[in-house]
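Two complexes follow with chain A in common, the first pairing it with chain B and the second with chain C.
And then the complex of A and B:
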């Protein structure tokens, strides 16, 4: 076709709540990929929650970012609140769709296409119709009557509203997005759904890479979410309804949109074998899945290794955002336990503190109440390369991880690690295949939320020079052999080239059972 | 439900006919009190002044002056009354009580000073009497304008008993001073009501200032509302225009009226029966107060609590049904009680007119006026429910229809002849009440939908 020049980019990266506004593993990975593949042009499509949640961009775009859009899912346009009838028929069709979502694992493509066509359309369910129409009200109340087991109608009502409002924003994005040759979502969720929408509407090839497992992380968030009211009266509470209806509704919603993304995406990439299996369990067709592991820029960390002084500094570093999922509190408690045996030890928490200020305050309060002032330090966001040579151990207490780059960075700069048994941490520390395992352990793996075990592992490594050095060598070997970023770039280069070549007509992926 | 509703409830719970009668009598006094006391007060001054030897022409002029002053001050302040009541309610909801008093001062300053500014040239140009008379007219108008605002504010505070007590004292004072000054004829009588009304204004203000905390003295926040609040202003003005427009028509059409003083005219045939009829709204007003302030307000509160505090949809609907039921019961009871009043007036109306010394020629007009003012009580009840539901658009439509239909139909009766007099007002108020019922029913049917889907 002669319209080649109208493409704004080769790859549109669909990013939910990360790059370029929020620092973290996924964001630095995205930056790495864009910088590592300078011959491709990228469009960055950022999808956030509310505008207030994000400050200015945290990354400077490499020159091959040719297009950038920012959208907010909860920045609902102010429509005049006016009563309206709404399209009864369109709501009936949405009802059918919901029925199918409940019944089946994978949805027929035609149903999905019809649903996306309805959304936001004038003759379907417009955003205003969804918000204000009688048809919408009738449908919501009917659903509540026949399904909701919880007392509060107002909670149900707002759950339904906040759950669906973003879909209308997504249809807007899909409508206005300039042409790109391929789509690449870095999570399922709303970004993945946008990918599925665009794939169905335009036939643009759609690649999905998952670092963490979005649905699982949402489940953790939702289990802790205090904005959902709990109705736990002792009379009606039985064992199986520990989770309220509305919490369950949210989880089912994310599972379902995750499945929609899996049905449309090809290939579906994960960072390690464990997550690949999880994707399959969550509905991803096995033949479309593949693993491309993360890699880091080795020469850069070689320099860091050279700066490292002789001896083992008694300093434990936790590099990551100060948020509940990193379980900073377990790290702090472990420091308390460790100090009894190793009084000269220190714990440094290195990472941005602006995401969850309440949690940051709780952590600092915990430090005070355990009498750890001066021993546990919050250093804020730092250049990791400056910090690494001063540490004696990298510690990761997360309750959920995918493939944490900090572990690779630690290995490459000659630093053993203690990490919880989450994501690919065990593979990273102990090795996955036979050859890999033969390299030895690059540290120790501990159970989640176990400060004692964490302290013991840290003590063992810090107090035994021989084990520490063996772990250092294992880490250095492993990262060089398996986690070189040049390998990752090559894999993605190949993947993009393959995708851009397959002239993906909208044969509309067979739904994928 | 605090205040009057609670007290009435307590009396009612004693459960004897005598107590029920007492409760409703009390409620009637409290709710219809201002109306009735002012009519009775002015009538008493007139009757006693004649006894004391004031010329009948002066007494007539006095009564007409007071009637005009009341009509014009009500129309002048009607919009502000509603707008300000809403402002106060919002402040109370937002727990910003400290802003209420300075804003009351603001609204008083605005209406009183504004009223002064426009009444001075009007009185100066249109009246040729003594300077004292003209000053008295202006002063009375300004004081009344302030008084209505203070009164509606106290009603909002549900200080009904104090209102009635103070009103009784105030009108007693007005009567005494008017009679003491009766040798100065019209000027003396007007001084009497001026002092009576001034006493009321200051007594009310004293009470308000003592009850409400406030740091600043003067604020005008009530004007900085979103535009929709001006619809309340329109509603208040239209309602009083609707109530008075038929009277004004009769006053200013030459063949039904005659000049009394300056530009002020009166309609002998029309005025007496209708003001007499207004004395018969007391039973309906009593029911109105009990049903609306006690029962409906409580059900309304329960409905919104169910919505806010997360009840099931079924329970919210049950609460809606209960609210509809109390509203329907209230309206039905007003209908019954006023119906009975109408029947009694039909039976004894002739004797009544004879007893007060009014020509039996007025009887048919009196009959239709009793019906009309009875329906007006119904209309007020319906508007009140709609106010609770914040149905500003509906209320605007109803008051507009009331004003326009009264204007058109009353004018029509002037062409149709004397036997149709009064029907204009009666048909207009009935039509508006039915329109109100229809809109109220619509509103109730869509209440949950509107409450959830159309909130701002």
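And then the complex of A and C:
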């Protein structure tokens, strides 16, 4: 008779830069899932950049969180700078993996398994070997000579070190993580890669849910990053459309680790159809993808609806973290335009301000420079249920979203919305299927970074009581019919049950695409 | 120890040789003397080595000691001649590891080097508007990285409405960073302005006005926000001109008034700029624009005849001029 195995949790949630240290967005969703499925035990594995980037935990764990670990990718151990020979054979195998990765159409699982086995192992490529061995130096210099098109070896060398150092931290996490029955990463990136590693090493089933699309967001960050230097040939007669080699290398790195996660995860969940198609385009096998929409606690917002007073308050609310992706500046500029038409209007920015203090300061400065003091207010983190009844319109100016819970919360509390045409916002406001669309529009959709259009849409809704009330009704019906959190919990419950019943042996083969 | 080492080594080794030849019963003394000689000679030779062979110290020194100890007398001579002297002499070219790199063939004719990039804002706009492949549209947006904001903004504005996220987000990030740079500078100068003594305020005010004007001129702001920045630019510039009038600032002020559709005031400002020394052919295109807006078409012809410059001052003006001269 086999010995009974002990597991610290049923599901290990692999979280990169979110729960429990950052409030809102994905973190709220994670908290909602854990609280909504009390019959399951969860382990929370947090992976962050540097410890200084995070303050204390922002959420209190529900009782079914039975294990918690925090790891920082850029806080690796300090090793004495001592030269060593290194394992040339192991570096050759890593080279083989790199070759496979360059060929985007195939990613043999055996090569991946071998490479993961080498990482961090004493007889493979240990972290010290990677940092200080001759074999590592030889490999990096050889790659630089044969591939890099840019003149600076120093830039290349440090890019390679910075890019790969987190992999050794992930290896450590994978080595020490107590037994869990299944893994659930809430993004690709490093969290997704950890899931793929564990799946290959232990055979633990691995689920992937993506809210945004990690690779896409990293690509945009990297295309604009000022910490990467580009070398350009100023006299060439070609279109200046290519990125520098090192910038491209970073992008490929994130694309590749994304594909590795897709190859090992099953199922691969997205929040709406648009993102599912994007995942397939990025290398996720179509048959493993599925859509589970977000949902909210409807009874909670019924109470909010009841306290809403008659009339339309001329108050526009933007509920969300004060970070660039929410494009708070467009909201502020839209207020400048709206006040010309509706002088009594006010704009409230409701959300935590601790994530990007520079951006918060820029926004406040913009308020001052546009002369909007007293008209645009930063209220900080608030209980949304207290704020929603005081608003006349919910405004979302984000430049990237998946399925924003804040729109659902607004609908449920009887508030029409103006949102940018990103993620599933159009589906949420105008409806997706025929039946859904028949309910009518719950507000208006505008282009991103268009303060004039945002102000016009807001003015149209606030000044036309009939349109406002029609939008309110459409939102209420839509959220009740399609976005009840009980439906989401049921879908995830079923997904976990199915996953826990699957054979936990590693998959025999899988291609990246 | 360093200057004595070779002599100590040679002396000890000579004694060893004598003991081995004439008093072999004292083998243990010979062994001891040979060990001392090996150490002393190793130290002497080590100092003779080129720097890159001296490190790491312990390993390098032990290697020499071992060789000297294992090969008495002959070892010392061989080591000096073969190793120490050998390493100090330059190596022949053939011994170096050689990497053969095939030279790329030269083109038959030298590449054409354009004075300005061979793509235009118009072409990029067409790519963003009509290209089927998102990657091509993305590349068109990427190409604007080397354009001035004034040229790039129409491409970005179009890309902001692209159906693919990547294209939209890249255009947004580029536009935002262009605006952010200007805003940061405006904020810095506005803060500094509080501290600046009254007699030094004029250049600050004029620079601030020019920065606010850039936001408007590059079309980085629209609608009410544009009106706000234009108003702010005018306010700073009129304050600056009051403190220290000068021709080029007066001309910029006139352009701000034109942008705000205050044609009469702009005309007066242009005359003022002329009085402050701005050349007539510089002012002529702006007078022509004023005349055009006032529907004084004959005057437009006169001003255009005065202007020596071609249509580089802007698309709108170039169009008017081309139409007028037809």
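Assume the second predicted complex is superposed on the first by the 491 of 513 C-alpha atoms of A that agree within 3 Å, B and C clash if a C-alpha of one lies under 4 Å from a C-alpha of the other, contacts with A are read in each partner's own complex, and residues count from 1 in each chain.
The definition used in the following text is that a contact is a pair of C-beta atoms (placed from the backbone, for glycine too) under 8 Å apart; a residue touches a chain by one contact, two chains touch by 3 or more.
Quantities reported herein were computed from a predicted structural model and do not represent experimental measurements.
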Clash or fit (per the criteria above) of chain B with chain C on chain A: clash
Chain B versus chain C as contact partner of A:134, first or second or both or neither: first
Which of chain B and chain C A:57 touches, first, second, both or neither: neither
Of chain B and chain C, the chain that contacts the larger number of chain A residues: C
Contacts of A:165 with chain B and chain C, given as first, second, both or neither: neither
First, second, both or neither for A:153, with chain B first and chain C second: first
Doubly contacted chain A residues - partners chain C and chain B: none
Complex contact set, residues of chain A against chain C: 213, 216, 219-220, 223-224, 232, 235-237, 239-243, 278, 324, 327, 329, 333, 336-337, 339-340, 362, 365-366, 369-371, 399-400, 422, 447-452, 455
Residue ranges of chain C in contact with chain A within the complex: 111-114, 117-119, 139-140, 142-143, 145-146, 160-161, 165-166, 168-170, 172-177, 180, 183-184, 186-187, 190, 221-225, 228, 232
Interface residues, chain B side, partner chain A - complex: 307-308, 310-314, 316, 446, 448-450, 452-456
Sites on chain A touched by chain B in the complex: 81-83, 131-134, 136-137, 141, 144-145, 151-155, 157, 229
